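First chain written, first letter: the chains are A, B, C and D, and each begins at residue 1.
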Amino acid sequence: YYLLESSDIVNIYRQRQSFSHKGTFGHALIYAGSIGKSGAALLCAEACIYSGAGLTSVCIPEEDRIALHTRLPEAMYLNIEDAWKIERRAAFSAIAIGPGLGNNTSLIEQIIKETKVPLVIDADGLNYLALNQSLLGLLPKRTILTPHMKEFDRIFGESSSWWSRLLLAIRKAKEYQIIIVLKNRYTFIILEDGRVMINPTGSPAMASGGMGDALTGIIVSFIAQGYTSEEACILSCYLHGKAGDSLAAAGRSPVSATQLIAKMPFIIGDIKN
Amino acid sequence: YYLLESSDIVNIYRQRQSFSHKGTFGHALIYAGSIGKSGAALLCAEACIYSGAGLTSVCIPEEDRIALHTRLPEAMYLNIEDAWKIERRAAFSAIAIGPGLGNNTSLIEQIIKETKVPLVIDADGLNYLALNQSLLGLLPKRTILTPHMKEFDRIFGESSSWWSRLLLAIRKAKEYQIIIVLKNRYTFIILEDGRVMINPTGSPAMASGGMGDALTGIIVSFIAQGYTSEEACILSCYLHGKAGDSLAAAGRSPVSATQLIAKMPFIIGDIKN
Amino acid sequence: YYLLESSDIVNIYRQRQSFSHKGTFGHALIYAGSIGKSGAALLCAEACIYSGAGLTSVCIPEEDRIALHTRLPEAMYLNIEDAWKIERRAAFSAIAIGPGLGNNTSLIEQIIKETKVPLVIDADGLNYLALNQSLLGLLPKRTILTPHMKEFDRIFGESSSWWSRLLLAIRKAKEYQIIIVLKNRYTFIILEDGRVMINPTGSPAMASGGMGDALTGIIVSFIAQGYTSEEACILSCYLHGKAGDSLAAAGRSPVSATQLIAKMPFIIGDIKN
Amino acid sequence: YYLLESSDIVNIYRQRQSFSHKGTFGHALIYAGSIGKSGAALLCAEACIYSGAGLTSVCIPEEDRIALHTRLPEAMYLNIEDAWKIERRAAFSAIAIGPGLGNNTSLIEQIIKETKVPLVIDADGLNYLALNQSLLGLLPKRTILTPHMKEFDRIFGESSSWWSRLLLAIRKAKEYQIIIVLKNRYTFIILEDGRVMINPTGSPAMASGGMGDALTGIIVSFIAQGYTSEEACILSCYLHGKAGDSLAAAGRSPVSATQLIAKMPFIIGDIKN
């Protein structure tokens, strides 16, 4: 059990080098959104871009493409079938699956089996795993799952206490060689070797819809930029919470996901090595 | 007759506790909007989110879903028939009906009869009550009606003076065991036991379309967060007016509903117990 | 020839009174926009709302309704045929016709003949007048035309110099008993009795598309609020230019119409009687 | 080889004169966007407007028109066939082709052959040139190409080093009498007479999707305003980088294209002759 500190962030974060270009910072693919829940996909994509990914492609229902372009002209729209064509998929350096995805799950299984790059699975992506447990064994090493308590229990079964849930999470992370980001007031990052990192940042002002979607977007962004799954989870949980803390300290309650995302460039820009 | 003071707000408001999460702050359902008037629904939903509801689902015409996602990615879209399916409706902890609803009223009666959670009825929802007076007797206890003068008169008949209107409102609030928020320069909150609270905040700079929609969104947000109907009305009227006052004091005339909503997190964050 | 001064604005502007409500500030109808040019309608409507009209209804092509709601939820959408139905038209206290209207002109003639409230005619509305000169004699008294030089010449014929154009404008304003706002670096307001007001505010940083649309929205807003055509023109030209000056003085070049509109509440709020 | 300095900008930039109007600052045509990549077109158009063009017309797929109006009401939408009708094309004073254009290339060849005004060709427009090399010889004099390294290599063939690529670019610029803006950490502006300008501004915080689209919009904006191709390239590269530097210096990492564009009016307004 290790409590993260700001010095860990300073050690992990690598300042952007001169002569880097958008290719240096990777290309994230976000497979998210469904009719009625595409807002979650927008927040995930927005968080990805504002955390520094070089390029971000978003697979939402085509009916909601206008919302993506209007809100986030830096993003590209793809339908998931096109995105996953064999000649195209190599372009992506990290993949997030799940925010607002609903039953729009046709390619999850195929992506899990075929991906060569790290996955972040959240929300309805986790619900799909809960219903298709056999996929757990197929997850690529260091895949990141980001469940809150209920989502965790749906996948791995109910626990009688937070403590027993944590022990179960450690066991499962080791068994499947994955990283579990168990979201709570203090989020626990459970690594594939059983180590547990506890994130101290975050505020109750952040308890609102969309915050998890933003976190997923931040994680996939850092992976796209070349950080390891472990590094990306640590940076993301810490900085996401710090952005919320900073907005709350400036007098806001509640803090919305949109505002938190807009704060991210300042929080990242503030890391001094 | 009791004139609200800032100490009342401090007494009612409960600071967000550590270890709270989005579930702690409830799930509001907003049944609003119609072709041409969906802006009212957007303002209502935006006010709900920016006042702290954990989750907000919005039933507007499907044709306007893109506007909802673009403006407010934290919100979810549902069509009203899906929202009110028996397996789903239990998810909602408070319901607002009416802003911009037009003739899109097919489920009002059913919701009034079946809801287990508090209702806030505004605008075209009130007009529907005016035309269907028999529903008044079916309103759940502590339902909140938020009429301006004309809407009040349409439901309960014309009055010869503000004073006689107020007495009528007191009688009706007691008869139906509802809360009537009678909107005016000084808004009167008439409780189901006949007590009357007078709200001192607010500014003529706020006299513009959309302000009432925002107020409805704030009320339903506080109910979703677990406040009683009485507490929610007091907090909402006071803070809504204070947000407007604050923007006007900073030199704005007029104050738009959009700006007032964006100010709410600062006004709420400023309540010091 | 009278050069407007800030004291004129102070004398004309009436501070918002306590106990006023949105009805006090009127209901503006904006008949504008066409496929490809609906942005002009949005700017006009936005300027109308942010200058203080109580309610704003906008007749743009239905295909662009989503853009209106997304950008400006305070506005209502109507199609022009519905808006002009006999039972509805009495609701409007001022009408603007023209920004981005294109050939979407089917009801101009009918509105000119039937309106009981002041008209502001701009842009493609002016081009329609140029092609239908017989309508000039039917314009209600104190109708406001807001041509730039080319639009003026298209309606009233070419002039050999600014001076002869001005004399022609004076003659035409008297002949038709209308107000001509002849837009230029120094905009000339030519009243129906032949008086000429010269507006000193404005900046070359404002020379960009959409500024005229915004001015039209400001004029119709002040008329809706109960100002006379003369008062509305004086207030609008002066404050529109002052908003631009203020943004330019703060270091912006160019100043966009969107930014100018967002500044209006501060410029109006700054008028001290 | 000449390293640009701020004094070059001061010498080139012409302050906006009193009595200028939107016509003074030209009319830019932007032919960009395709299904899924229309965000690039929006960024290009936004940059064009916020850099001071008098009018901006945008040819994107009609399906994405709503996104254009919602985000950027100052812009007009046209389909490319209408825009290029013989009676209309004379209205445009500068033309950008390419951001997000995809395979939506039907009129590129015709425009290259028929244009009477300067062209800026970027992104998918460059890819089209790579596939249709015979067009290179038909480019109007002082056409501007804005390739990054990979796009350059696709058109002119691979080079073994940056130095040999630069020599090739000089040869090609002279051969075709065009200007090549070779984008990199230090962007090289290679003029048609073989002179090379090196731009010192810019930051790794800007390494993200959309930055190139913004640069193209800035260049076409300055050409529309009457600057020569050479002047426009110098102003645009320098000011684009300076806007990014300024945002990065204020603590942002990453800097998004949207934010850079919003900064442009302040950067331009800050040029003191």
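The rule we apply is simple: a contact is a pair of C-beta atoms (placed from the backbone, for glycine too) under 8 Å apart; a residue touches a chain by one contact, two chains touch by 3 or more.
What you see is a predicted model; the values in this text were computed from it and never measured.
Here the chain-to-chain distance from subunit B to subunit C, counted in touching steps, is 1.
Within the contact network of the assembly, the step distance from subunit A to subunit C comes to 2. Across the assembly, the mean Cα position most removed from that of subunit C is the one of A.
Of all residue numbers seen at the subunit A-subunit D contact, under half occur in both copies; the interface is built from largely non-matching residues. Subunit A and subunit B have centres, each the mean of its CA atoms, that are 34 Å apart.
Separating the centre of subunit B from that of subunit D, both taken as means of CA atoms, is a distance of 49 Å.
In subunit B, 66, 70 are the positions where the chain touches two or more neighbouring chains simultaneously. Contact annotation for chain pairs lists A-B, A-D, B-C, C-D, with touch applied as defined.
Interface residues of subunit B facing subunit C in the complex, by the touch rule stated above, are 35-40, 42-43, 46, 63-64, 66-67, 70-71, 100, 148, 184-185, 204-205, 207-211, 248, 251-259. Looking at the complex, you find that subunit D touches subunit C at residues 16-22, 24-25, 49-56, 65-66, 68-70, 72-78, 265-266, 268-270.
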